Amino acid sequence: MSTILDPAAGRAVLQQNRAGRGERFLRGLRTPGGGVFVLLVVLLVAIVIQNPSFGEPESFIRFIGRTAPIAIAAIGQYFVIVSGEFDLSMGSVVTMQVIVAGNLIGDDDSKVIPVLVLMFVLGAVIGLINGLVTTLLRVPSFIVTLGMMLALLGLVLFWTGGAAQGNPADSFRQIGRGGIEDVPVLEIIPYPVIILAAVAVLAFWLMRRPYGRTLLAVGDNDVAAALTGARVWWVRTRAFMLSSLAATVSGILLVGYAGVHPSVGRGYEFTAITAVVLGGVVLGGGRGWVLSAAAGAFALEALFTLLNFMGVASTWRNTVQGVIIIVAVAAAAQSWQRKRRGGSAAAHSEQQRITAAPEPAEGTDKGGN
Amino acid sequence: MTRKRLSTAVALTAAASLLAMSACTTDPSVTEDTGSPAASAPAETTEAAQEWFSQALYDEQFEQRTADFQGDEKQPWLQYIAGDMSDTSDFASTGAKKVCFANASISNPWRQTGWITMNQQLKVLQDKGVISEMETRDAQDDSNTQIADIDYFISEGKCDAFVISPNATAALTPAVERACETGKPVVVFDRGVETDCATTFIHPIGGFAWGIDSANFLTSKLQSGDKVVALRILPGVDVLEQRWAAAEKIFKEKGIEATDYFTGADPTEIKKIISDELAKGDVQGIWMDAGDGAVAAIEAFEDAGKDLPVMTGEDELSFLRKWKDTGIDAIAPVYSNFQWRTPLLAVEKIFAGEEIPAEWVLPQKPIPAEELDDWLKRNEGMPDGHYAKFGGEDLPGYPEVWQKRQIP
Amino acid sequence: MTTTSSAPRAKQTAQAGGFFARLSSTQIVYLVALLVLIAGSILVATTGRNFFSPGNISAILTGTSVLGFIAIGQTLVILVGSLDLSVSYVTSLASLIGAGVMANQSGNVPAAVALALGISAVIGLMNGLIVAGLKVHGFIATLGMGLIISGYLATNYKGSFGQAPLSFRLIGATGLGPVPISTLEMLACAALVLLMLHRTRIGHHIYAVGGNRDVARMSGVRVPGAVIAAHVICSVLAGMAGLLLASRLGVGSPTVGTQGGYDLLSIAAVVLGGTLLAGGKGSVVGTLGGVLIFAMLDNIMSVLQINPFMKDVVRGVVIVVAVAVYARRTIVTRPPRFGHGGHQQEIQP
């Protein structure tokens, strides 16, 4: 807070607000939340160089379609992380939903809608449990969701005897597998792309609403947020519900994309968290932009695709992935670090609220400038 | 300062192990000879790709594919290739016996299906008064846990016989030897161990035979220069590595270009991998080291609008059904799931004093296109994760128990 | 257990708890352990077995050794405000290096132990440098490091490798009565770490940095030093776990660490032991209690032949319920989570 009174910082703020649109855009790209878009573009260019056919509209839109489930999961995980928590149960929720769809719908088209409703209810209830145990019982979310991850997967496997009955009706699988056909230029717009767009818009809108602002405030400093009258427990609990609901949507798409299998969704929690962090969102809460989280998911998928195209030996993939994650996050951390000089963390977030600019690449929601 | 602590810790470790050597309750069976040359052999070869390939095993399993099997063809789980027999007359005794089963895990559909079959077989033998109870400890894929499980059985289990499905070959060898030293019968099945102390070791022909069957099928349908994508579950598991070792050799010999990937049996990964391979260029063949997830591979071709490949999967029903639906050119190699019945039947024979094969090699026949309809019909109503050659049609509870996958 | 979990409002705190509230979290951990022990002995007795027979005690204690080594190290890393998700890969790597260098020769044991622990220390050093120097969150830094090692393992080791000689294998197979030597070694390590935490400067620094990084820095604590030290010791202890596994298995294995799921399990054991996930507060003694609870739980479930899928359900529920028992006792104005610096105030009874 003290830096607000610091004339040097004040001048910097003014300077920043005076900067032109183009300059602000460039500055936005230098933040972790913006940097991920640069990383994504670099990766996509590298893929197209490796394999020019990837640049064709049809293959590109299919790439977006297949990344949709993990991007949606990353958006859900974003809400939890930005509020200062973790959701490790995401992968198990995806697996559960996939198997619920496989076992309850079966070949019966008329069951599609009721089971869909059931799946969303299940997702919301799991999020509610995660949230309430974390906030009211004060168990660290890492532990709550770790317990949920074990318990949920165990229950599902116990219920199904380890393997699902089979794939559900094709009408249900179309959600994740089909698309609007005969579209000019693109040939096909996969439904997952449309669903991803809807989720992204919804998330973007939500983060601009009072709820989103409160969520960021809670993640940044929940004591302060509580003093201003925010119901911290309910704000966080809703974040967990959003996360589980996002996992539910991912699960629905994956039933179509991959089919029903108990290993669908395995490791999704770590992929989603990695994507969110790659998108410049800070673990511990309070900072980060929701669309950067989705971009992080795209960057991660682009990386895997690039490795596939480059023919990197299958055993070395994990290593390459590990190196890139560390380097990217380290670079982002250095960038936060630079921004921080001259002001404490708390003053910093205050400062950026003053410098608020509508430019998406450096919107207030990402909490940094 | 940290360093100093560490060196103290190391010193203490050394001191403790000295103490260990001088006195105490050392397990008598931990002896110098357990470090058999076989166990240390892989240590010398550092070239990764060569480690799993053994020409001797390859040749042996190549022959066994066409060998004569003793016994009734209707009961393949009791068939075996003639060879050394174990004399069990010392074990002959009457009364119901307690069996202790150290299971590696039931973490995949193949093991789950077998586990269900085994429990139904158990019911039959309990009704006959051969087995009083079977105590099972499941190691959840952890060798260290399974070693502890076996030691627990030895000290606490009051077992009359041990059945062990090892999690890993070399790691479980000392523990199996400890079980042998109790003087009770020991039945090992599925993955082996590096000792022949067990009364019998039950297994289908093996990974090389799988690799030979599947790769020969692909190479017979493809031409030199064609591309095969190999989808493998995970590295480091011997039964799986041997499948690939054999297939890779055959692909190389026939000039087939093969690229391998690890998928963790996750259909999402499989579909992405195939999509990317199809974006790179045409793929003529798919080879899999296990069939679950095969459907995603075929769907990747469908979604990309490409010609369906020649393919090898497994006798898992999801693959067989997709094979039937699409009419692709395929074969289903089999790692005989009915072997889960054999251990308990072996225990019955042991206590009856009947001689049994020291190495009980069960038949392992792939399902070719002409048998597809028959196997699908025999397994109607079973879930996708069921295995066609589960061999439990004559057991109580058929078919509901398998249909509902009731896992005890 | 029920006394607190059924207590109504979150507001109910130390003052209201009476006897229960006066207990430290470590004492509660051992109270929970005692409850598990009592429940276990009854349940095991219903199957006609004896929970306290030498064979069973030996089985439980064996179960504590490997996880114990790793959880002790994890305690340090969590105390300093970081995390280590790479431990299971370090464990596998150490088992391979150990068994590989030994190659069934007793004379090679010292060199093998030194090399395995040395390489583990280097990995810990890199973790520490990435976390403290590059300011990458421990979660991501060690997740990435785990991936890097896993790629190396998959490329260079296909299946088990090496051979531990008899002298070394005895460590994993010998006991003083029902108490395995490996457990004693683990306890010795715990004692050393305990000494370090409470009697040395680096130990105080670890607590200080985990409690409040900014305050620690301003008080003249070299923050990177404490973080790096914690990560190095954690990796070395994971390496010791790997050597113990090599001794029990007789060979090294590239999957033995991941098979045990030691990364998440060790974190759970640490938190179960009363250590604050945000760092700065907690104890190694508590962690040992957490490890003991897990070991007894596994033992009981195995004796009762519980379906392996249900075992995971029980584990998940127990982790959450047990932590909930004392998580509500202390008012931590900043919820237990990760983050640098901050606004933590604690009202302690």
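Order of writing sets the labels: A, B and C. Residues in every chain begin at 1.
Note that a contact is a pair of C-beta atoms (placed from the backbone, for glycine too) under 8 Å apart; a residue touches a chain by one contact, two chains touch by 3 or more.
Everything numeric in this text was worked out from a predicted model, so none of it was measured.
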item	value
Most distant chain from chain B by Cα centroid	A
Central chain of the complex, centres being mean CA coordinates	C
Separation of chain A from chain B, taking each centre as the mean of its C-alpha atoms, in whole Å	39
Between chain C and chain A, distance of the C-alpha-averaged centres to the nearest whole Å	30
Between chain B and chain C, centroid-to-centroid distance (C-alpha), Å	33
Two or more partner chains touched - positions in chain C	154-155, 307, 309, 311
Multi-chain contact residues (two or more partners), chain B	106-107, 235, 262, 407
For chain A, residues contacting two or more additional chains	158, 162, 314-315
Chain B contact footprint on chain C (complex, rising order)	49, 53-56, 58-59, 62-63, 66, 99-100, 103-104, 110, 113-114, 117, 121, 154-171, 173-177, 181, 184-185, 188-189, 192-193, 196, 200-202, 229, 232-233, 236, 240, 245, 248-251, 253-256, 259-260, 298, 302, 305, 307-309, 311
Residues of chain A defined as touching chain C within the complex	84-86, 88, 133-144, 146-155, 157-158, 162, 221-224, 270, 273-274, 277, 282-285, 313-323, 325-326, 329-330, 333-334, 336-337, 345
Residue ranges of chain C touching chain A (in the complex, touch as defined)	5, 10, 130, 134-137, 139-141, 143-148, 150-152, 154-155, 264, 267-268, 271, 277-278, 307, 309-313, 315-317, 319-320, 323-324, 327-328, 332-343
Chain A partner contacts - residues on chain B that touch it in the complex	106-109, 112, 116, 232, 235, 259-262, 264-268, 270-273, 275-277, 279-280, 292-293, 295-296, 299, 303, 318, 321, 383-386, 404-407
Chain B-facing residues of chain A, complex	51, 53-54, 59, 62, 66, 69, 158, 160-167, 177, 254, 257-264, 266-267, 304-305, 308-309, 311, 314-315
